[in-house]
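Each of the two complexes below includes subunit A, the first together with subunit B, the second together with subunit C.
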Partner chain A sequence: MRDIAVVSFAQSDHVRRVDDRNEVEMIMPVVAEALSGAGMTMDDIGFTCSGSTDYLAGQAFSFVMTLDGVGPWPPIQESHVEMDGAWALYEAWVKLQLGEIDAALVYCYAKSSPGDLPMVLTRQLDPYVVGPLWPDAVSLAALQARALLDGGSVTEADMAEVAARSRSAALDNPHAHLRWDRPAALLLDEPYLVAPLRRHDCPPISDGVAAMVLAGDDVARAHAERPAWIRGIDHRIEPMALGVRDLTTSASTRRAADHAGAHDGTIEVAELHAPFTHQELILREALDLDDSVVVNPSGGPLAANPMMTAGLIRIGEVATRIHGGQHARGLAHATSGPCLQQNLVCVLEGDDR
Partner chain B sequence: MADLVLPTSIAGLEPVRSVRTPAHLDYTFSAGEATSRFLRGIAERRILGERCPVCTKVYVPPRGACPTDGVPTVEQVELPHVGTVTSFCVVNVAFYGSAMDLPYVSALILLDQSSLPIMHLIQEMPADEVRIGMRVEAVWVADDQLGPTLESIRWFRPTGEPDVDVDMPGEDVGTGLGSWPELTADPGS
Partner chain C sequence: MTKERVAVVGVGQTHHQATRGDVSMAGLVREAAQRALADAAMTWSDIEAVVVGKAPDFFEGVMMPELYLADALGAVGKPLFRVHTAGSVGGSTALVATQLVEAGIHERVLTVAFEKQSESEAMWALSLPIPFQPPMHAGAGGYFAPHIRSYMRRAAAPDHIGILVALKDRGNALANPYAHLHDHEITFDSIKESLMLWDPIRYAETCPSSDGACAMVLGSEAVGDAAAAAGNAPAWVHGTAMRSEPTMSADRDPVLPQGGRDCALDVYRQAGITDPRRQVDCVEMYVPFSWFEPMWLENLGFAAPGDGWRMVEDGVTAMDGDLPVNMSGGVLCSNPIGASGMLRFAEVALQVRGKAGEHQVDGARIGVGHAYGGGSQFFAMWVVGAAKP
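== the complex of A and B ==
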C-alpha cells in the first residue's frame, strides 16, 4: 500500500440558508483555500472527485455545473459520488493507490435550504415499501432512539449530555452553525419534537461546503509540514430494509473499524458523523471508544450539518488536528442513509515528532 | 415475466406486479449572485455578461465562474442586442409545453462581444432560410411584460447584415468536432 495523506482541508462557515450565492459561487473560495493550503494549483491535481446530491438542489446533474468552480477545461479527470464527500475521498484514495496520480482534490457541498430536507431525505428510502409512506428523517431517527432507550443501556439524560457537550465544543469552532452553553440537566425540561427526540437531539439543517487535497508519498511530504496519513479506511453497509436491522447497534461501523485497523493503536481523538445524539452513543459502543477519547471537539454534525459534507468534515477535522500537532492519531467516521445505514471509518496518523 | 409464487397465507390475493409511487417536492431556487445580476438587467432590457479576469472570455448568462479557469467572473460587461447564429435546429415536432407554431427554429446565438452562445428562437423569416453565420437582433416584449427571465426577449430576427464566418466550438483545442471550412465548402467545387 502506498502512503497517502490529507495535506490540506478547508470548509465554509455553515449557515441555515445561503440564498445569495449558487453552489458554484459557494464552492470556489473553499476549493481555492484548500489548493493554496497545499501550495498547489489545479495543474498539480491528477484527479478530482466530488460528493453531492441533486435532490438537495432539485436540479438534475447539478454536480456537472458545479465543476465550473474548479476550471475543468481542457478536460480533467474527475468523478462524482451521489454520497457524502467522505466517499468521494474513498474513490480518490483508491485512484491514488493505483499509483497513476500523485495528488487529488475532493470537494463536497450542500444547499439543503431550497427544499424541505426531512422530506427530501425520504427519497433515499426503498421506493416500494417505505418510501411511499414518506417517513421523514427525524421520525426515522426517533424510531431508532426509541429502540435504543427501550434496550435500557442509555437514557434521555445521556442523549442530553451529548447535545450539551457538542454545542459547547462548537463555541471554539468558527465554522459551526449551532453553538450554545447550557447544562444538560436543563435540556430535559424541553418538550419533545418527535418523541423521544427533543430539538437539542437533532442536528441543524445547514448549507455549507468542504474541500480537501490528498497526496501520495513524497508529494504529500513536500506539500504539508505534517501530513495526516490515512493509515486505514473502510466502509460497510447495512441491509436496505430497516425492519431486518438491529437499529440499536452498528455492525457495519464495527466491521469498518476493524478493517481500517482502528484499534491497532491508541485513538486520541474521534470525529463521529452522528447527526442525532443517540447515534453518537451507538457509534461509541460500536467503536469501543472509552472516556479517554476526545469525541467531536469541533461540535460534530450536531453543530453543523451540511448534507453530503458533514462526513468529509469529520476527516478534515481530525486531519487538521494532526497537521497542527495537537494529536498523533485519530479516527474519523462518516455515515450515509437513514439510521446510520452506511458507515465509513478512516484512521489518520501524523509522523512521530 | 415469471409467475409469482405466493405464500399459502396470501395465495388467494391478486399478485402485485408493479407499484406506482408519485413523488412531489417543492424547491425555492436561488440563481446566485452573477445570474441574479443578469436577470435583473434583462428586466430592464439590458444584457449583462461577465468577463473572466484570467482568459478574458465573456460569459452570458453568467453563472459566476469561468469554467476554464475556475475563478469568479467579477467584471460586468453590457452586451449589444445583436449576434450571430452559430448553430440551429428546425423543430418540426410539437412537444408538451411548447407554445410555438411549427416549424420554428431554435438557435445558438453568439452575442457580439461575448464568448459563448445563448439559446433562443429565430422568427420573422422562413425556417428553411435560417443559416449559420446569419446576423440577428433581439426582439423584446412590451415594457409592461418585461421580467427577470430570458422570455423578456421574444425571439431574434435577421438584421439584414451580410453573413459572417463562425468558428466551430472546440476547434482551437482539438476536440475533433470537425472543422468549419470543410462544412461550408461549396458542394459544387
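== the complex of A and C ==
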C-alpha cells in the first residue's frame, strides 16, 4: 500500500452547547487551522471528505450547506459519509491509495445540543421491533455493562478507575469538555444513573468539530516534520440486535485490529472511542492492551464526546503524539452504533521507530 | 501506481413502486442484492465488503439505517460503509465501491443503494427547512423550475421539448419491467394537458416518488475474467469521476454547472473519449424533470451549449436514435432517490453486457452513467465498456 500520513489535525474546544455559531461557522476556523498546520491551502487538496448526520443537524442534506465552509470553488473532488469522521478518513485513505492525488482534507462535526441525544439515538435502532420501544442509548449501554459485570471479569470499581483516570488526564487537554480530579474510590458512593452505570461512567454530551489533512509519500514529508504514517486501517461491523452478539467482547474490534496489523509491533499509546467506562475495558481486552499501554491520554470520549467526530479525534490525538515525538507507534479506535456495533482500528507510526 | 481494473459482474434491482408495502427496508435491499448476487453467480460469503448509499435518513425516519441493515446485507464481520452525497449518492456509492477494488483492498464488493420513500413525505423533505430558510418553494421542482426557465430563455428552446422527453422516457419504461410507471395511455397531448406544477414543469414531466433499491457486485480483473470465461460478460469500468461545487456562490451557473462539465471531461479523459457524441453508444443520465435531458446533453458535452434541445427534437436520444438516452425510462419513471444514481450506473452496465432485455440498444459497447444532486452541484459519473480498458 502507498504510505499515507496524517500531517495535521485540529479540533474545536468541545462544549455542552454552542448557541452562537452554526455548523459552518464552527467548521471554518478548524479547517483553516488544519490547512495552515500542514502549510497548505484548499488549492493543495485533491480530495475532501466529511462525516456528519442529518439526525443531529435536524435537517435533510445538512452537509450540503456545511460544504460551503471549505469554499469548493472551482469545483472539487468531494464526498460525504453519514458516519463518524474516522470513516471519512478511511474513504480519503482509499482515494489516496489510487495515487492520483497527494493530499486530502477530512472534517466532521456535530451539535447534539439542540436535541435530546439519548432519545435521538433511539432512531438508529431497528425501526420495526426495537425503535418503537424507544430504548435510550444510556440504557442500552447499561445492559452491556450489566452483562460484563455478571461475567465476573470486571467490577464497578474498575469502571470508576477508568472514569477517574480519563477525567484527570483531560486536565491537560485544553479542548476537553469534562475534567476533574477525584479518587476513584469516592466515585462508588454516587447513586446510579441507570444501574449499573453512574453518571461518571457516561460521556458528556458535546458540540464540536475536527479536521485533518492527509498526504502521501514525499508530500507528507514536505508538509510535516514528523508525519504520522497510517500503517494499517480496517473496520468491521456486527449485527445491531443485542440478542445475537456477545456484548461482553468486541469481535469486530479484534478482527479490525488483526487486519490493520495492530500487533505487528509494540503499541505505546491507544486512543479508544469508548463513550462508557465499561466499553474501554471491553476494548482493552479485544485489543490485547496491557498496562504498559498509555490509554486515552487526551481523556477520551469520557472527557469530550462530539458525535460523528469523537472517532476522528482519536486518530488525531494519536497522530499529534507521533508528530510531537512523544510516541513512535500508536493505535486509534472509532466506534459507531449501539454497544460498540461497528469498529475501526487505525495504526499510526512515526518515521524513527 | 497502477489501479486494479474493475468489472461489474452482477446487477440487480427491485420492482420500483410508490409503496413497497410488501417488504421492510431490509427486504427491499435484499431483493436487489440477491438479484445482483444471482447475476454474478455468487453468494453472500463471496462478498468481502459492502458499500451502502441512500439520500437523507429522514426519508425513512431511521438514523444511519445501514447499521440496522448490517445482517440483512450479509455484512457481519465485514467492512460496511455508508455514503450520502445528496441526489448523486447512488452514483458516488458505486464509485466508492469501485475504488475499494481499484486500490486492491478488496476483490469482490457488493454495493447497494435504496430509498423507501413511502415511509415519509419526500416532497417536504426536499423543501427548504422552516424556520432555517425562507419557505420559497415546495419540493425539488420548485427549486429547479427557475433553472429550467433560464435554460429555455438562453437556448431559445421551444416549449414542447420537455413534453418530448417525457413522452420518450415514459415510452421507454414500458419495456422495463422494473420501472415504477407503466403508462400505456400516455400521449403528447395528455402530457401537455397535465397539471402545471412548477411552471414550466408539468405533472407528467416530473419524476414519481418511489420505493426501490439497486445493487451491483464489483470485482477485480481476475473476477471479471472469471465471469467472462463462465459466459457472464462483465461491464468494465473505463473511468470514474466526482465533482462538487458550493450552494452559495455568485460564480455558479446552475443551468450549465462547471462541476458537471469538469466531471464529464475528467471521466472522458480516463476512458479515452475525445468525441462523446460519436464514441458513446448510450447514456443513462439523471433527469428528474424532463427539461434536464437537453440541459445535461450540453453539460456533458454531447451538444454545444444551446443545442441540446435540438437533439431531443430530432429524435437523436430516442431508442432508435444515434445516442439513446435513458433507455430504462430513467428517473422520470422510477425515483427511489438514493438508488436513482446507481440505477443509471447499473443500467449502462447492463447495456454494455447485452443484458438490458427489451430496452437493449443493439451493439452497445460504451455507456455513460451520470447522477447529480443538491442544487445541481454534486456530480458522479462513470464510463463502462464491453471491452477491457
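In the analysis below, the second predicted complex is superposed on the first by the 352 of 353 C-alpha atoms of A that agree within 3 Å, B and C clash if a C-alpha of one lies under 4 Å from a C-alpha of the other, contacts with A are read in each partner's own complex, and residues count from 1 in each chain.
Throughout what follows, a contact is a pair of C-beta atoms (placed from the backbone, for glycine too) under 8 Å apart; a residue touches a chain by one contact, two chains touch by 3 or more.
These numbers come from a predicted model, not from an experiment.
Undergrad: Between subunit B and subunit C, pick out the one touching the greater number of residues of subunit A.
TA: Counting residues of subunit A touched by each partner, the higher count goes to C.
Undergrad: After superposition on the shared chain, which partner residues are touched by A:120: those of subunit B (first), subunit C (second), both, or neither?
TA: both
Undergrad: Regarding the shared-chain residue A:131, is it in contact with subunit B (first), subunit C (second), both, or neither?
TA: After superposition on chain A, A:131 lies in contact with both partners, subunit B and subunit C.
Undergrad: Does subunit B (first) or subunit C (second) touch A:74, or do both, or does neither?
TA: After superposition on chain A, A:74 lies in contact with both partners, subunit B and subunit C.
Undergrad: Go through the superposed model and pick first if A:11 touches only subunit B, second if only subunit C, both, or neither.
TA: Neither partner.
Undergrad: In the overlay, answer first, second, both or neither for which of subunit B and subunit C A:28 touches.
TA: first
Undergrad: For A:236 in the superposed arrangement: first (subunit B), second (subunit C), both or neither?
TA: In the superposed model, A:236 contacts subunit C only, not subunit B.
Undergrad: Just subunit B (first), just subunit C (second), both, or neither: which does A:341 touch?
TA: second
Undergrad: What is the contact status of A:19 with respect to subunit B (first) and subunit C (second): first, second, both, or neither?
TA: Touch status of A:19: first partner only.
Undergrad: Quick check on my understanding: which residues of subunit A belong to both its subunit B contact set and its subunit C contact set?
TA: 55, 58-59, 65, 67-68, 71-74, 120, 123, 127-128, 131
Undergrad: Touching subunit B in the complex: which residues of subunit A?
TA: Residue list for subunit A touching subunit B: 18-25, 28, 31-32, 42, 55, 57-59, 65, 67-74, 111, 113-116, 119-120, 123, 127-128, 131-132.
Undergrad: Under the definition above, what is the set of subunit C residues touching subunit A in their complex?
TA: 1, 3, 24-25, 55-68, 70-71, 75-86, 92, 96, 99-100, 102-105, 125-126, 129, 132, 241-249, 251-252, 257-259, 262-263, 374-375, 377-378
Undergrad: In the complex formed with subunit C, which residues of subunit A make contact?
TA: Checking each residue of subunit A against subunit C gives 1-2, 48, 53-55, 58-61, 63-65, 67-68, 71-83, 87, 90-91, 94-95, 97-99, 120-121, 123-128, 131, 234-241, 244, 251-252, 255, 336-338, 341-342.
Undergrad: Under the touch definition given earlier, write down the residues of subunit B that touch subunit A in their complex.
TA: Checking each residue of subunit B against subunit A gives 19, 21, 23, 25-36, 63-72, 173.
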